[in-house]
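Here it is, the structure, as structure tokens.
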Amino acid sequence: MSRLLRSGRLLNAKKHIINFVSSAKDDKAFLMHLVEINKAHIVMLTENGIIKEKIGKKILSTLSTTYEKIHLSDDIDDAYVAIEEEVVKNIGVEIGGNLNLAKSRNDQVATAIRMNLREELLFLIKVIIEFQENLLSKSRKNLKILMTGYTHLQPAQPITFAHYLTAQFDVLQRSMNRLKESYTRIDLCPMGSGALATTSFTINRQRMSELLGFSGILENSIDAVGTRDFVLEIIAIMSILGVGITRFVEDLIIWNTIEFGIIKLPDSFTFTSSIMPQKKNPDILEVIRSKMSSIIGEFVSCAVILKGLPSVYNLDFQEITPKLWRVLKSSRECLSMLSDILENLEVKSNLLQKSSLGFITATELANILVRNHDIPFRIAHNIIGVMIRTLIENGKLLEDITPGLLENIAKKTANINLKIKSEEINQAINPTMVVESYNIVGGPAKKQVKLMIISREENIEKSKDWVKRNQGTIKQSKLFLNSTINLILQSNT
Amino acid sequence: MSRLLRSGRLLNAKKHIINFVSSAKDDKAFLMHLVEINKAHIVMLTENGIIKEKIGKKILSTLSTTYEKIHLSDDIDDAYVAIEEEVVKNIGVEIGGNLNLAKSRNDQVATAIRMNLREELLFLIKVIIEFQENLLSKSRKNLKILMTGYTHLQPAQPITFAHYLTAQFDVLQRSMNRLKESYTRIDLCPMGSGALATTSFTINRQRMSELLGFSGILENSIDAVGTRDFVLEIIAIMSILGVGITRFVEDLIIWNTIEFGIIKLPDSFTFTSSIMPQKKNPDILEVIRSKMSSIIGEFVSCAVILKGLPSVYNLDFQEITPKLWRVLKSSRECLSMLSDILENLEVKSNLLQKSSLGFITATELANILVRNHDIPFRIAHNIIGVMIRTLIENGKLLEDITPGLLENIAKKTANINLKIKSEEINQAINPTMVVESYNIVGGPAKKQVKLMIISREENIEKSKDWVKRNQGTIKQSKLFLNSTINLILQSNT
Amino acid sequence: MSRLLRSGRLLNAKKHIINFVSSAKDDKAFLMHLVEINKAHIVMLTENGIIKEKIGKKILSTLSTTYEKIHLSDDIDDAYVAIEEEVVKNIGVEIGGNLNLAKSRNDQVATAIRMNLREELLFLIKVIIEFQENLLSKSRKNLKILMTGYTHLQPAQPITFAHYLTAQFDVLQRSMNRLKESYTRIDLCPMGSGALATTSFTINRQRMSELLGFSGILENSIDAVGTRDFVLEIIAIMSILGVGITRFVEDLIIWNTIEFGIIKLPDSFTFTSSIMPQKKNPDILEVIRSKMSSIIGEFVSCAVILKGLPSVYNLDFQEITPKLWRVLKSSRECLSMLSDILENLEVKSNLLQKSSLGFITATELANILVRNHDIPFRIAHNIIGVMIRTLIENGKLLEDITPGLLENIAKKTANINLKIKSEEINQAINPTMVVESYNIVGGPAKKQVKLMIISREENIEKSKDWVKRNQGTIKQSKLFLNSTINLILQSNT
Amino acid sequence: MSRLLRSGRLLNAKKHIINFVSSAKDDKAFLMHLVEINKAHIVMLTENGIIKEKIGKKILSTLSTTYEKIHLSDDIDDAYVAIEEEVVKNIGVEIGGNLNLAKSRNDQVATAIRMNLREELLFLIKVIIEFQENLLSKSRKNLKILMTGYTHLQPAQPITFAHYLTAQFDVLQRSMNRLKESYTRIDLCPMGSGALATTSFTINRQRMSELLGFSGILENSIDAVGTRDFVLEIIAIMSILGVGITRFVEDLIIWNTIEFGIIKLPDSFTFTSSIMPQKKNPDILEVIRSKMSSIIGEFVSCAVILKGLPSVYNLDFQEITPKLWRVLKSSRECLSMLSDILENLEVKSNLLQKSSLGFITATELANILVRNHDIPFRIAHNIIGVMIRTLIENGKLLEDITPGLLENIAKKTANINLKIKSEEINQAINPTMVVESYNIVGGPAKKQVKLMIISREENIEKSKDWVKRNQGTIKQSKLFLNSTINLILQSNT
């Protein structure tokens, strides 16, 4: 604990105790924002006559070099204390000792976390957008690449790689929307809440919010310093996104096996074994899978820490913030790496060459019995089921179906006198034609996927605008703060 | 597995195996919605000429009594199968066998969960609104009730009970906003996605969405049947809300101790001990705390289940949905019970009677040194710190301060020649006056809290409107579906 | 709350409040044990002259029918109260009112949970043993069935199915050992601890332990009623076991795909699709995977509930116990079902027929260069690596290697003049011979796996003995308690 | 990826990709152990004639300086590769290229983790023992310090501080026992398992185990490289321990409040506020509480990562190990800090001075009615309940009871003609006498607590022996390995 605070109520603490509770190293993440808060606060105090302009000027002047001078280590409590020490060192306690007048560690830390989080979120969303762009451009290139659509890891129906990738786009989009919605809850300024009960000095909270580029204040002062729900919210969203990514990655790992052989990872993204020279292990995908998985654990840590805490501020909060930054950094890296892999991925349709997967069009055979032959769906489904069992038991494939065989089974199974033509069968078992027949909004037919790509490209533009707008607001507020400071410094009073 | 499905590709499964995988019991939650989906689907198929009107009429006619007739037990796979069996039992497979034409278990279950979830969410939000109303009316009654504001469970600064309660309002409000935002992601219709690739029948997804009262379709068919991220999202939000509630409840449990004695739980909400006749245990609060805590575990269960699953549908999904309903039901009950407790709570300000808590106004004493005597804040903070140590070491209280004592300490500690009047000190250590001086937006002064209450009352009106509007949409769609069915049944073709 | 308790310190609670906190339904799990505890307690009180023999006899006599008569519903607090009410109803409060003399709800519930848990654990361990027996008998049948050993889901080296299954045995064994070790911590009797501080009556805790078949007492009375760490411990072990099972199941699901085709699930354990007649979905395996996954969430729920609770008893405990029973029941069912599936599984070696997997013996080729030709391992590894790349680029397989090719590459890559014979190569690339050459303790060679099977069969016998011994102790204690009661009832005093 | 491995099957990977998957930094934790493994392996290969003695000598000779020379950074894959590169750099690939003959990254990493974990566990257990010693010596000093025993945070019955502390001892002891049991599962050697299938070289696994000081081998080679259940197990145990600690800490935080005032934290372990000079915040306790809480999240991360992974090795494993080390380090620090705090804690019995807590002896009053006046327990319980309500309603305390009052209530409530003496009442409401009357094994009476302390002191000796024995074994094995190496180096062949 700083001598600044120790000399009053409490005696000095031992060094290893300071080290134990110190958050200084973790505070690096938002030191710059803390300095900005101090600047804005002194501006506001000066403007409102709470401190004299002369004092305000001196403090503002020294604060301009504070960020560069501070070295955060475990030997000090936290960045909050470090800033005051630095200021006092430069201009003495007589003047510098007013730095923390009418504010508190509690409202400053809450504000600084939000400021840093705003920037982190915008950065993250940009990475997601780049990933989405890759998904769409890869989709455009693979509009016609048939692939097996699996459910339960069993071949279900034919789709296209582009159809699959646009689904992944939407998974990302929903989490991005969640992040954007959170942003509006984060972009609120706690400053002025003090320790929990505001202050008896006539401060201007709205002005602080403006100087720091927030969209408004976080009103109730108890709530403003006592909530960390926004940390839980962001990590929860990242958990959801993470789960989505693990599923995408799991697909890729399975499709990259020799047995599935649907995709080929480029050499530069795989690793061999130390003793098995034939191996091409999808190491990066595995690391992404595990890193994205462990966000769930970070969510649990934060939720457990907060559970049952008395309201308002407790130091337990301190353990949460580093987890937030860690999750965001790790997610960004994983998403960016996965986006790279996607870009360099080779797709090898496994559908047309592997006849064993041909049963995938069986639904369509049943549909044709319904559509062309007026057989009720459930009966058609049974007939085709029996036919497939027969084929498999005889080691045959879908292309071995003959009208005769099908007619026999229809008779035996359902007592139906079917008359079917070879062409009907051929059409039904041709995956390319089947995919094109799935010409329903959201389906795999080329036309539908193209429409999806186009509307998602528009979506990307909107997302980019959103990021740009918010980045602009932040940048603007920094310029505004600095010019306001300069005006004060240059004024003659 | 139903004989309907078993007679084709697979032989019969043993009963205990069916029991093991059956979701039938859990499907009760959305059986009604599944029936509605079937109705809407048959309407749409008939309208688009995919099935003949004659067949459509027969199926629609029998579906009108299906819901009442079905008894779900572990002996059948799931509700999906039960409905088809019931229909076929009534009107034969020749006609009823078309019930599942051009749709799949996958899109139906996804749709039914969303339909039920919409209603559950609206119900939950109503409970939250009622709770919030209680918070505000309790606030209005306690605008002047001073209480100790704690941080780190140590007395920090004086606030009022009303100030505290409006903070709790805001905690709830943020989670309600999250739920509302989720609602827009849930209120989208997967129908028409089939197993994962839509269908070759020319169905109309937009029409399905309209008949079921959705705000639009969930476009990509792979995504529509393959995502359960909305379940994660709702349980994540409920975890966050739950953590907030555990903190509120923790406050109440601690304040209800004999030692704190800030609140008094009514007898009807406490329980005595089986062997200790003097006990008044806050059992209900403890049950609420633990129930709200365990939502975090439900989130983990769902996230772990989904982690690393191949994309699209896997039966693992089935284990998730019951957890969702369980969380929502339990949360509703807890919130409602807590709201009841709040209403019947007695508040006993511990601030004015317990002089040991009087140091709570120390910040204000320091502030006065700054404001009236031009002492830099940090130095004032130190002087007051030393003074408090001195008082405690001598077993004295804040009210024992005299100008002389303070002046002495100012001299000794900071070499300052202070001249302070008794009135200044008395004002600074009077909690009522201190609270009124915290007259900053969001602070505890009566004026500020009143303003907060008024704006939150407006908020409640908006929330109520939102619920009403969405309930109206759902109700309207049910009427619309029924009238559409009646039109079809009455038409002569 | 029972009128028994309400009439004293507290007024009546409303019904919905009782319902909310009631644990009665969940208490069914250990009602029988609670009755036994009451019997033992009255025996002990009588033996020690704390209650008069006459009273003891009357209570013991009525307790003999209590279990059958009690119907637990949400309208009563819990089983503890229900028993006293039933006894008082039968023999009046004058006599029956002594039932809870010198004991408390706290020590009784803690004891009853431990008694039920003992039985549940023994039951669970029996299920694990049966599963292990299946693993060994399946191993014996598949000693020669070669299979691809995968790491990173890429073919690594050849193993046998028996080798794989004995690994699964060991995974189960370790968790069984953990359960056995826990058992010694659970098999301790809290009775006599009272609410938390024992009692001023001269009870005999050792006697209670004996009458209830415990191996000893749980000494410190605060700890005895205040810990639920054994619940966390069991659920933690089941989480670990669960994670192991999900990995086993994941193997089976992947090996059951058409693409891998290593195993074939029997029809009776798979399900078809509602619209895709060709599907044979591994539904049961998926349900097992998800059920075993969600134990992690149950662990979290329990840990979160307990986190930060003040020590000794809090009603939060009540929410934990039902989760324990749920985990144990669900695990038993899953393990038993998986054991069934294993028994009926068909294994189809994918190794000899699929030449694309043949690179799996590449390590051995490198080894031969080292062993027979004195080439340093890393260089041999590189040579074979280059050779495999060459083969793949030319669309060739391992069996296409010729001495000439290998010699060329050795020259080019490492400037080594290799002279190798066809036989050497043929031996190295023959998976059967390679597997037999892995003749190291713990390895896949038939001899080694046989040895492992034999020692594990001995292990099973030991496990069975352990279960039998503990079941015997419990059974014996019940007989002992009853005969002690009979002696008291028949004595003439 | 090292050029050593890249030059064969795969082309070079880009640097940022290496960085992304590199575990090198995390591998520092066990680099030393990896070097030892390499030494032992070369010894064993030499002894068994698998490599020539000349080569063995050269490699062993260079390995003696390897550990110091290696600098692990993100630019290399991992420590495994770094060691081979270092050796090859020194003695060329012709000789050094044999370093990884007949072993694999998989078995080495698994072995090294276990070796490091053994040492970490012994270190941790020593810290726990020291903590336990503090608990016992503090107990000895506080045998007579009465305190309120709370359940539901409401005063229940009187206990002593010593009684409370021995309960905390037992909580720690159980987790220590769990750790010791885990140790036997961890202290097994995977070496020789190779990638998963052992090797065709005639290695000696037993010898490796001996040279590395293991108690035996981890037999099945698939299991040996494919399991990380021991990581889950340790983190699960630490979660359970952590939950226990959070409850202990919660007690201390609450007891340290001004309102409870049971303990007094020394100044050096508390911190003041930045703006509230009167504050003495229990910051360290809060940090301990949150750090111990977040172990649960680490457990979840690891479990989620492992869930559903295909068996044997996947790179996902790599993300788990750093979490293990982090948990152990953080736990050690927290336990040690908490032990320090305990040592310096002042206890202020709140029982005798605060008459409002006096109802705590009410159970004893009821007991006296039973014991001396033959009133059935439930009726006695009710009488005392009514009496307490009467006292509270009249603002009176337990010491205000008179025989007359009690007799009146007995008459009114239960129609009992009670005749009770003042001395009886006085005895029953005297906490000191009540505590001494709780003279049952495990109870708070001084005699009982003394006995508990003595037996626990013996326990500590056993624990110390256990640690010493295992540390001895490890130390011995290092000496043995070195002397074996020296013998080889000095031999003349």
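Note that the chains take the letters A, B, C and D in the order they are written out, and that residue 1 is the start of every chain.
The rule is simple: a residue touches a chain if its C-beta (ideal position, glycine included) is under 8 Å from a C-beta of that chain, and two chains touch if they have at least 3 such contacts.
On a predicted model such as this, the values are computed, not experimentally measured, just so you know.
Judged by contacting C-beta pairs, the busier of the interfaces A-B and B-D is A-B.
Inter-chain spacing, taken between the CA centroids of chain B and chain D, is 36 Å.
Between the CA-based centres of chain A and chain B the separation comes to 23 Å, rounded to the whole angstrom.
Multi-chain contact residues of chain D (touching two or more other chains): 5, 8-10, 100, 151-153, 156-157, 194-195, 254, 272-273, 275-281, 283, 286, 289, 293, 296, 299-300, 303-304, 307-309, 314-315, 363, 381-382, 384-385, 388.
If touching chains are joined by edges, the resulting network of the protein chains shown connects every chain directly with every other. Against chain A, in their complex, chain D makes its touches with residues 1, 5-6, 8-14, 17, 20-21, 77, 80-81, 100, 103-105, 194-195, 267-281, 283-284, 286-287, 289-291, 293-294, 296-302, 304-305, 307, 314-320, 323, 333, 337. Partner chain A is touched in their complex by these residues of chain C: 151-157, 253-254, 257-261, 272-273, 275-283, 286, 300, 303-304, 307-309, 350, 356-357, 359-360, 362-363, 366, 381-382, 384-385, 388.
Contacts from chain C toward chain D in the complex involve residues 4-5, 7-10, 84, 88, 93-102, 106, 149-153, 156-159, 163-164, 166-167, 169-171, 174-175, 177-178, 181, 185, 192-203, 205-206, 217-224, 226-227, 229, 232-233, 236-237, 239-240, 243-244, 246-251, 254, 289, 293, 296, 299-300, 303-304, 306-315, 363-364, 367, 370-371, 376-379, 381-386, 388-389, 434-435, 437-444, 452.
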